[in-house]
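Look for chain A in each of the two complexes below; its partner is chain B in the first and chain C in the second.
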Partner chain A sequence: MLEVKSLRKEYGPLTAVKGVSFSLNPGDIFGFIGSNGAGKTTTIKMIATLLEPTSGTAVLNGADILGDPMEVRRQIGYMPDFFGLYDEVRVWEYLDFFAALYRVPSVDRPGIIDNVLELTDLTVKKGAFVQSLSRGMQQRLCLARCLVHDPALLLLDEPASGLDPRARAELKELIAELGRMGKIVIVSSHILPELADFCNSVGIIERGELLACGPVEDIIQSLQTARCLMLKSLSDPVELAAFIERLPLVQSARSHDATSVAVEFLGGLEEQADLLDAVIRQGYRVVGYSEELVDLEDVFLRLTTGAVN
Partner chain B sequence: MNLWRDLVSDNPMLIEIRRFMRKLLAGKGGNLAIVVVILVIYSFIFLLVAEYSKDFDPVILVWIQTGLFMLLLPVMSAGIIAGERERRTWEILLTAPVTKAQIVVGKYLAVSAGASLTILAFALLILPCQVSNRFASIGSTASAELMSITFAMMLMGLSLYVSSRSRTTFAAIGTCIGIVFVAYVAIPLFISAASERSESTVLELIDPFYALPKLIGGSEAGKDYSRWSVSLSQAAVYLVLTALMLVGATLTVRRMDEVRDLISEPKARRGKAHA
Partner chain C sequence: MRGSKPFWIFTAYVLCLCFIGVWTYWTSIGREGLSLSSAQSELTGFFNSLIIMLGAAICVISPALTATAIVAERQRLSLDLVLSAPVEPKYLLVGKMISSYRYTWMLLILALPIVAMSVVLGGATWKDVFSCFLLLSFHAMIFTSMALLISTFVNKPAAAVIYSFIGVAIYVVASSMLAATALPFSFGGGASTHPPFTIALSPFFVLQAVNSSMLIGSVEVPNWLLAGVFTLLLCRLFLLGAAVNLAPLDKRISANLRLTGLLYTFGLGALIPYSIHPAMPAVVGASPELAPDPSLYVLNIGLGSICWLFLGSWMLFTYGRTGSRRFWPNGHFSLRHTLDGTPAGQLPYALLLVGSGLLGAYLGNRWVGGDAPSDSYAPGLLWPVGFVVLAWGLGHLLSAACREMKSARAFHFCAEMVIFFGIPLLMSVARTAPSWVKTDSDMPTSGLWYLWPFAPLIDRGQFWLAWAYGVVMICIGLWFKLWAVNLEGRRARELSYAG
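Moving on to the complex of A and B:
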């Protein structure tokens, strides 16, 4: 279990992270969302023991980042946003080097290297030089490197940056698989729809402040005070909007285009059926009805202003 | 004992020796040029020794070896930490469960393994000379070798210290060669010119190029009494300097990262804000 408690980082007069707190359980995939400079990387670096927090701490399975950083390092796999690879080193040698650094016994290393290469789909590249790999493969190799010591927590800072759509899809599947394996995964990314696909919880950060944190559905629900319904009809949309606005539980109704009316509705599914029934009974010829679902991107845009420190 | 176990016998960074040697022996890119230069110099000396081994004083070979160290070791080791920063592998290394002292010592031992190859190669030249030259003194050769090896240890410590303060390999190598040139060429020349006496105690303590020639033909010149005192004094000075450089490198690595974060983070944020 990871508990992040009021993490704060100050650089002179600048406060990069203002008391961020959250907790995650094994199997959680946590999407860390924020604009550039919002404080994502600083928070991740503090958890990775690369930066010392000004105040607050994080505890991973009982090991404190301040009190026992070595134990924390044994339990984390960190993939930075920009990373390099050693020159003139083959894929298996690269992994063997890090496995040795993490004190993986030499007899176990070949098997572990084969396993992580299989997991990251790099088995065929085992003997290749790391610099000969494509960007996507290097990204996967870096992830394989994070896994050689079987960490409890994976910190992936913008893992999909610079990848083509296919490589992104493969990486997404791989991260989901890691979650299924019971690892805690923290992923920071700008590509919000991708995060929504496989993260079971998210944290939205702006100017070092965690604006929202929790399961994706809960955050969406907490922000969605009214459902947005779209009615398409053959009738005059202005007239239809005026009629709908008088119905119970309707917050607002306005013509969206030549055939559609957008309705902000406070009721549930039963009340939606009543609304539709009332419109049809009134003689309006409805040809389409849908609920506009709020996604992670809408939530992010609603919560944040785009300001940075 | 704990320090020995932490930094040497139980240091996981010892794996760096294998990586460094593999990279060195792969002889690709810049390494290839260095390997070719060394092989040319070595072949030339080898031919000389093969032809004139009976008249060749082994101390001269130690002197050449020391000169080679002066050029070779900064090139070989100055990029070892700066290069990690440049390649952006440094952060990854810092999240491994190793202390900064273990990283510095591991890297130092890796470079030492590389330097020991040069020492071995020269030993193959020195030994035949020592055996076939009847005027050669084993004591002079051994004390010269002690001086040369401890000088190499100090140079590697210096290179590592400079590397810990540098952001790029190029800057580290340049700075290191500059320091070595000033310390072992410019300053000795200045001291020699300024000193009224022909003997300089300071140079005798810190400059192998000043002390080594005095050991040539040591037994003939009847100076056996002083050769060990000179080489032991120099070895002691170099070992102390090596230890100081390694401690300095460890402290600098820690401080450099803190300072870097202090400067680069707000800068990066400002850049991102403008973008």
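Moving on to the complex of A and C:
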């Protein structure tokens, strides 16, 4: 279990991270969202023991990042937003080197290397030089490096940046698989739709402050005061909007285009059915009805102002 | 190195050595009609030239191979990956050092067949060969660790290589000067015919040092052994410095480096009166009445021992406005932070350093039978304190004025160079001498020399001068510090307003 307690980082008068707190359990995939300079990488680096927090701490399975950094390092796999690969080194040698750094016994290393290569779908490239791999493969190799010592926590800083759609989909599946394996995964990314697909909780950070944190649905729910309904009809949308606006629980209604009306509705599913029923009874010829779902991107845009430190 | 590159590099190296060997042979020993004694002498010369050439090769190759070790990791962004693993910096550094050092040994081993020619033909013995190789390997170890240290605080490989060569050049010049001062002992010019171990510190004096030994009390200790101890101590200092650069937040390493600094300063302070006092007057041919007054050493050696502090203070007393919190002011003077490298601990540590140098000099002087210093010297002790406070205040002022630590360090270094060389340069251009110098020449004397903060170090009899300089420097240092505090406050207000 990872517990981040009021983590704070100051650079003189500049506060990069302002008391970030959250806790994660095994199997959690946590999406860390924020614009550039929001404090994501600083937070991740503090958890990775590469930066000393000004105050606060993080505890991973009983090991404190300040009190026992070596034990924390043994339990984490850190993948920064760059590759950091060595030239003239083969894939298996690269993994063997890092396995040795993490004190994996030499007799176990060949088997572990084969396993992580299989998991990251790089078995065929075992003997290839790392500089000959494509960007997507190098990304997967970096992930494989993080896995050689079977860490409890994976810190992935912008893992999908610069990848093509196929490589991105493969990486997404791989991270989901790691979550299913019981690892805690923290992923920072700018590409919000892909985070929403496999993260079961997210944290939105701006100017070092954690604005929202928790399961994706809960955050959306907490922000969404009214549902956005879209009615498509063959009738005049202006007239229909005027009628709908008079109905109970309707916050606003306006014609969206030549055939559609957008409705901000405060009721639940039962009330939605009543609204539709009332519209049809009035003689409007409805041909389509849908709820516009708020996604993570909307939540992010609503919560943040775009300000940076 | 992987692939065919090392093969071709080492082949070229061996071919180069072979060419020099054959050329030397045919132009000297291979000549017809050479007598046996002349041939022997030529062979010895051949051996000597090979060893000097190997010394030069090591000066070039060792730093070149090591200088990029850490900076290349930083540039390819793999250093963070290594440091996020449970690896202590000392293991990383020792690993890097072994990796580079083995190439140096490979160069020596590859040179062995060529050097062996002179053994087979009678110009040298195997003992000479292996002793020379041992001493050369010590120098290679020093250059390797020095280049590793430099590699940890520069950002570009080319800069690392250049700075390493500069560092090696400074070491070679300084050690050769030390070795040259030790050389007259070998010719019977000193109180003893045993040269001090400083003769073994230069890669170009290997041949003179190889069979020499130094008297410690009544025990004759081989100089290669003392050079080996010196090498290990110096490498430890360099590697600790590198480890602090790699892991600036690790307070244990910072404390370890600072404790090592204190011990070394104490050792230097103790060693200098011991090694110089009994022998040096005889070496330079001075009359007994001009032999140094032992009690003067207490002050002068103490003052001398902080000269390195002067050279290093641009690193010791500056801190950055970017980077980790460690480099932000965390107070003005705190004994609790003496060993952790934070700005609040800089002044207490520097004062401790001066104290340990003075204590070492005092104890060393007493050990060699020198007189206890009289009370009149006590005021002179204010000079080193003043010097430290001045350098500390200047460092803090420049740190507050500059945005980056690098700029603060550069300006501090330049400012100290001006302080150190400014007045002497001005006076030498004006062709004047200090007013206390009694000169027979018609060179005019000038009191302007008294503006030079280091004047009391030269004008040794004037302890009141040291006292006065100490007070003035303390005042200026504190004024700089107040200025720095004011600047920092203003900058903080500007930043909070902008935020």
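Keep in mind that, in the parts below, the second predicted complex is superposed on the first by the 309 of 309 C-alpha atoms of A that agree within 3 Å, B and C clash if a C-alpha of one lies under 4 Å from a C-alpha of the other, contacts with A are read in each partner's own complex, and residues count from 1 in each chain.
One rule holds for everything that comes next: contacts are C-beta pairs under 8 Å (C-beta built on N, C-alpha and C of every residue); 3 or more make two chains touch, one makes a residue touch a chain.
Being a predicted model, the structure only gives us computed values, none of them experimental.
**Q** Mind checking the superposed model to see whether chain B and chain C fit together on chain A or clash?
**A** clash
**Q** Which partner does A:L211 contact after superposing on A: first (chain B), second (chain C), both, neither?
**A** It touches nothing on chain B or chain C.
**Q** Considering only touches as defined above, state whether A:T42 meets chain B (first), chain C (second), both or neither.
**A** After superposition on chain A, A:T42 lies in contact with chain B alone.
**Q** Applying the document's definition of touch, where does A:I113 land relative to chain B and chain C: first, second, both, or neither?
**A** In the superposition, A:I113 contacts neither chain B nor chain C.
**Q** Please work out whether A:L14 is in contact with chain B alone, chain C alone, both, or neither, and reply first, second, both or neither.
**A** In the superposed model, A:L14 contacts both chain B and chain C.
**Q** Which of the two partners, first being chain B and second being chain C, lies in contact with A:L95: first, second, both, or neither?
**A** Neither: A:L95 stays clear of chain B and chain C.
**Q** A:T54 contacts which: chain B (first), chain C (second), both, neither?
**A** second
**Q** Look at A:I76 in the shared chain and tell me whether it touches chain B only, chain C only, both, or neither; answer first, second, both or neither.
**A** It touches chain B and chain C both.
**Q** Overlap of the chain B and chain C footprints on chain A, residue-wise?
**A** Correct list for chain A: 11-12, 14, 48-52, 70-71, 73-74, 76, 78, 80, 82-88, 98, 101-103, 145, 309.
**Q** Quick check: in the complex, which residue numbers of chain A touch chain B?
**A** By the definition above, chain A touches chain B via 11-12, 14, 16, 35-37, 42, 48-52, 70-71, 73-74, 76, 78, 80, 82-89, 93, 97-98, 100-103, 142, 145, 308-309.
**Q** Give every residue of chain B touching chain A within the complex, in rising order.
**A** Interface residues on the chain B side: 12-13, 15, 18-19, 22-23, 26, 28-29, 87-89, 91-99, 257-258, 261-262, 265-266, 268-269, 272-273, 275.
**Q** In the complex of these two chains, what residues of chain C are touching chain A?
**A** Against chain A, the touching part of chain C is residues 2-3, 76-88, 249, 321-326, 328, 491-492, 495-496, 499.
**Q** With touch defined as at the start, can you tell me which chain A residues reach chain C in the complex?
**A** Residue positions touching the partner: 9-14, 48-52, 54, 70-71, 73-74, 76, 78, 80, 82-88, 98, 101-103, 145, 309.
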